[in-house]
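The following blocks contain the structures, represented as structure tokens.
In the two complexes that follow, chain A is the common piece, with chain B as its partner first and chain C second.
For the complex of A and B:
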């Protein structure tokens, strides 16, 4: 039974990277469509809309982060790879906040970003304010990332 | 930390000097024009908006012209060109341009029209080529295609679908002989034929042919196809020549590019001047310009005006309820963050300028989020290089940005050293992989990745300090407003509640256990703190709804205000992003390093070092870009939401002086 521990742990790591990446890919894509529309009218806004497009891209990186920490903790990246069944499940659960929240927050953040891109198209001077709306959504991705990281490092030091 | 004091200014001058006076004010850029007088019998406003709109059109045309020129002469512009700033020119150059204006504006108009002409010619060429293609199968026919026959014969020139041979056609027309058929050309798709028959049978022949799918050629040409093709070729050549002439014409204007750029600036300035003329009062011989001016700039302007022109200048204090524009002025260390404050909103009535308050925390928080010594060093070097190399020519906004990132970079270096991060764990990895002995630079304080809980506690501590500071700002504002009740009710009670609450929590074993602190505060301290917190809560409930007369309502409002404690809790938790973003930078660093080791491991000795370096450079540049964006966004958020939320509403109107807003040129400082 214990030999299945690492399977669960890996499944957790992979789903964090998977859903974070999926969410960000969709989100940045959505932002890109809106940004490209602005550029057809006024190419000088490229820098601003690019930043807005990239804002929901961080979820993918956070997913990668969680996956990486998990992989190095369970010894897939060089190490024993010795994970008990319970521990494997715990790792899996620890990755879940990241996996789920990253995906949905990326999509929602993209929608805020698109609205902000529309603001910048009309009022480039409101860029700072517009950016904030999108940044607000990211808070929850960061909180999920935080709890996942704390849980993963915490599980590492439990002896089960 | 200052909002500059503003005064109303009235400048009265002669109408014949209107242009010069306005240009002087425009160059000094310290007056915001506003209407402060009503129309009366003597002074009226003149409407010159039509002149302004024609200038605007000029600017647009000039912009187009420059784009066209750049497309044709392929001018290189580098990323660094924005650091070079605008080119300084003298006032004389500006005045001399009036003479050149008409000519340059004509050229810019001409350039903007050329692409349309070229496009039309290209369309014409396409049309001619299509005609030529239709005629191509017919070139060996030496009579016109619309030839209908002689007195006794009828001719048909046209096409049959698919490939036909003489046998097939003659057998089709066998019963109408004598018929003469000539196949001009044939291909898989169509066969071009010329048929001649007696006039009396022309109807039947045509029917037979049409049943086989015959159709007349769709081109009425009076001379032979070969001659016509020749003619078309000549026309195409002529059009092509014309296009290249036009392109050469554009090329010949290349030397005028700078003039056209200047035209753009020149007319932008004039347009703004005309906008101002709309707002100034004019009589037959005099003008009155009214507006706001910062008190400290008024002497210099008055002196300059009085030296050259016949003017009278008067000042007036602004009144309490007036919508006075806001201009901030700060020391160099702080100044870059004026932009951050203004992006939120300039200070409203009775508010202090928060720029200085956010500056220190801005640099601190940015450094904590990025927290890698070498990333910081790269930012510092890049900013310093930009600042030193383009010292003279930098525009002030870019200069401010560079200064801001310079300080952010310094703070990043500091925190990087504290947390022992140099490109993440690059030094460990390099020493382990290439020199067999692992070397670690110990952090001055601790490794956040090894002790995340300690970092979490520190992040929240930073949050508590930041929020206490924000309450301090509220206190300062209350003192300035002489609102002594608010000092106790809105500030001191909250300080008491927060401090009491935090101390009480720290005396609980559970909380200190989570935060990894060695020991909890003694229970007696916790109890006293708890009592203080309760007193403060009661105080808040009693007083925070004090604007309501109704006692019950006041109580409810107070309760609601106390509920705001949850806001403080979430604010402090919000600072845990310092940990998350700091870890993110560090972990991505080690991901990059790890990948570099893995990939380079599969190469031989000299090559693996090269591969390692390439992957590291690429990966770390990417990480810098992402992490700086993240740090910038979230530092700003902490300032706007957590910090400003406690004391700052904004709502002021930014000072918008009548000034020179050019893109390419600026006036030399005298």
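For the complex of A and C:
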């Protein structure tokens, strides 16, 4: 049974990278469509809309970070690969906040970014304010990232 | 998923909304002393294609620009059929009347529609309505027979107008889009109230009114027809129980005030789309806003050409989208 520990741990790491990346890919794509629409009419707004497009791209990076830390802890990237069933399950659960929250926050952030791009299209001087609405969503992605990292490193120090 | 289909298009429309004429420009146009000054302001705002058009050409060019833009950013233009169906039925009416009078009349057709005007023209000319869709074909046959056998142009108009309203209503419901559904509802309701009022004032038979009025959700057709047959005051009494109670005052003012009230209500309904970045609703709202803008500019230009006073022109102005 203990041999399944590594499977769960790896599944958690992959989920974090997968859903974070998937969410960001969709989100940046949606933002890109809106940005392209604005640029077609007014190319001078490129810099501003590019930043707004890229805001939901961070979730993919966070997912990668969580996956990387998990892989280091479970010995896939070197070191001891001795992961018990319970520990593997705990690693899996530790990765879940990142996997789930990163995906949904990326999509929601994209919607906020698209709305902000619409603001910039009409009032470029409000770029700073518009960006804040989208940036607010980032808070919850960071909280999920934080809790996942704390849990993963915590599980590593438990002897079970 | 469908709400993410028009992100690019809506973003482009957001930028284009900056070019829509606001109240200040409209006031500036009304304040002009001469027609030529108005034209100059419009040309400066980028209206027209060559910068040397006559008023009619200028307005037609602006309508073309709107539809060309929408055609450029939306793959499937059929989603906006609701907004073009009225042109089809107008062209059908024109073609039947032209065939009946048996002479060529220029500039009576709309160039844009869901069916090419040549197809409608030939269908009427050859008396072969199978090339049209079932609903339009059936209505065309009935209107054709009525006009050619009785010469009753009014009944011919009534048949086509009712069919047009039904087609618009059905198409909007099919689209499932809030803006188009709202547009169709107001379009049919305003046409119904106008018909009920005219029938009441001219003492038309109940059968005639029934034949002219189309179904819609905000009006109870039976009550509308009953009250119309009973008299104008009864009609007003019925309208008090509908969402159009406020229009009674406008009806009492003038027919133009009635039209303005409905146009302003539509603009009020579509205004929230300025803050919506998803779905096709902002695109439909933009088309309606442009049509409203063109209509308003037409009123101003005609007013200036006919030397109407500024106050007379202002009375006829619509609220703007931006």
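In this section, the second predicted complex is superposed on the first by the 160 of 160 C-alpha atoms of A that agree within 3 Å, B and C clash if a C-alpha of one lies under 4 Å from a C-alpha of the other, contacts with A are read in each partner's own complex, and residues count from 1 in each chain.
The rule is short, and it goes like this: a residue touches a chain if its C-beta (ideal position, glycine included) is under 8 Å from a C-beta of that chain, and two chains touch if they have at least 3 such contacts.
A quick note: this is a predicted structure, and the numbers were derived from the prediction, not measured.
Taken together in the superposed arrangement on chain A, chain B and chain C fit without clashing. In the superposition on chain A, A:132 contacts chain B only, with no contact to chain C. Look at A:38: by the touch rule set out above, it reaches chain C but stays clear of chain B. Once the two complexes are overlaid on the shared chain, A:65 sits against chain B while remaining clear of chain C.
In the superposition on chain A, A:77 makes contact with chain B only, while chain C stays out of contact range. After overlaying the two complexes on the shared chain, residue contacts for A:3 are found with neither chain B nor chain C.
In the superposed model, A:122 makes contact with chain C only, not with chain B. Of the two partner chains placed by the overlay, only chain B lies in contact with A:51; chain C stays clear of it. More residues of chain A lie in touch with B than with the remaining chain of the pair chain B and chain C.
Once the two complexes are laid over each other on the shared chain, residue contacts for A:142 go to chain B alone; chain C is not touched. After superposing the two complexes on chain A, the shortest C-alpha to C-alpha distance between chain B and chain C comes to 7 Å. Put simply, chain A uses no single residue to touch chain B in one complex and chain C in the other.
Partner chain C is touched in their complex by these residues of chain A: 30, 33-38, 40-42, 111, 114-115, 117-118, 121-122.
Remark: chain C residues 4, 7-18, 73, 275, 277-278 touch chain A in the complex. Residue ranges on chain B touching chain A, taken from their complex, read 339-340, 343-344, 452-453, 456, 573-574, 576-577, 579-581, 583-584, 587-588, 590-591, 594, 626, 629-630, 633-634, 636-637, 640-641.
Contact residues on chain A toward chain B in their complex (touch as defined above): 51, 54-55, 57-58, 61-62, 64-65, 68-69, 77, 127-129, 131-132, 135-136, 138-139, 142-143, 145-146, 149-150, 153.
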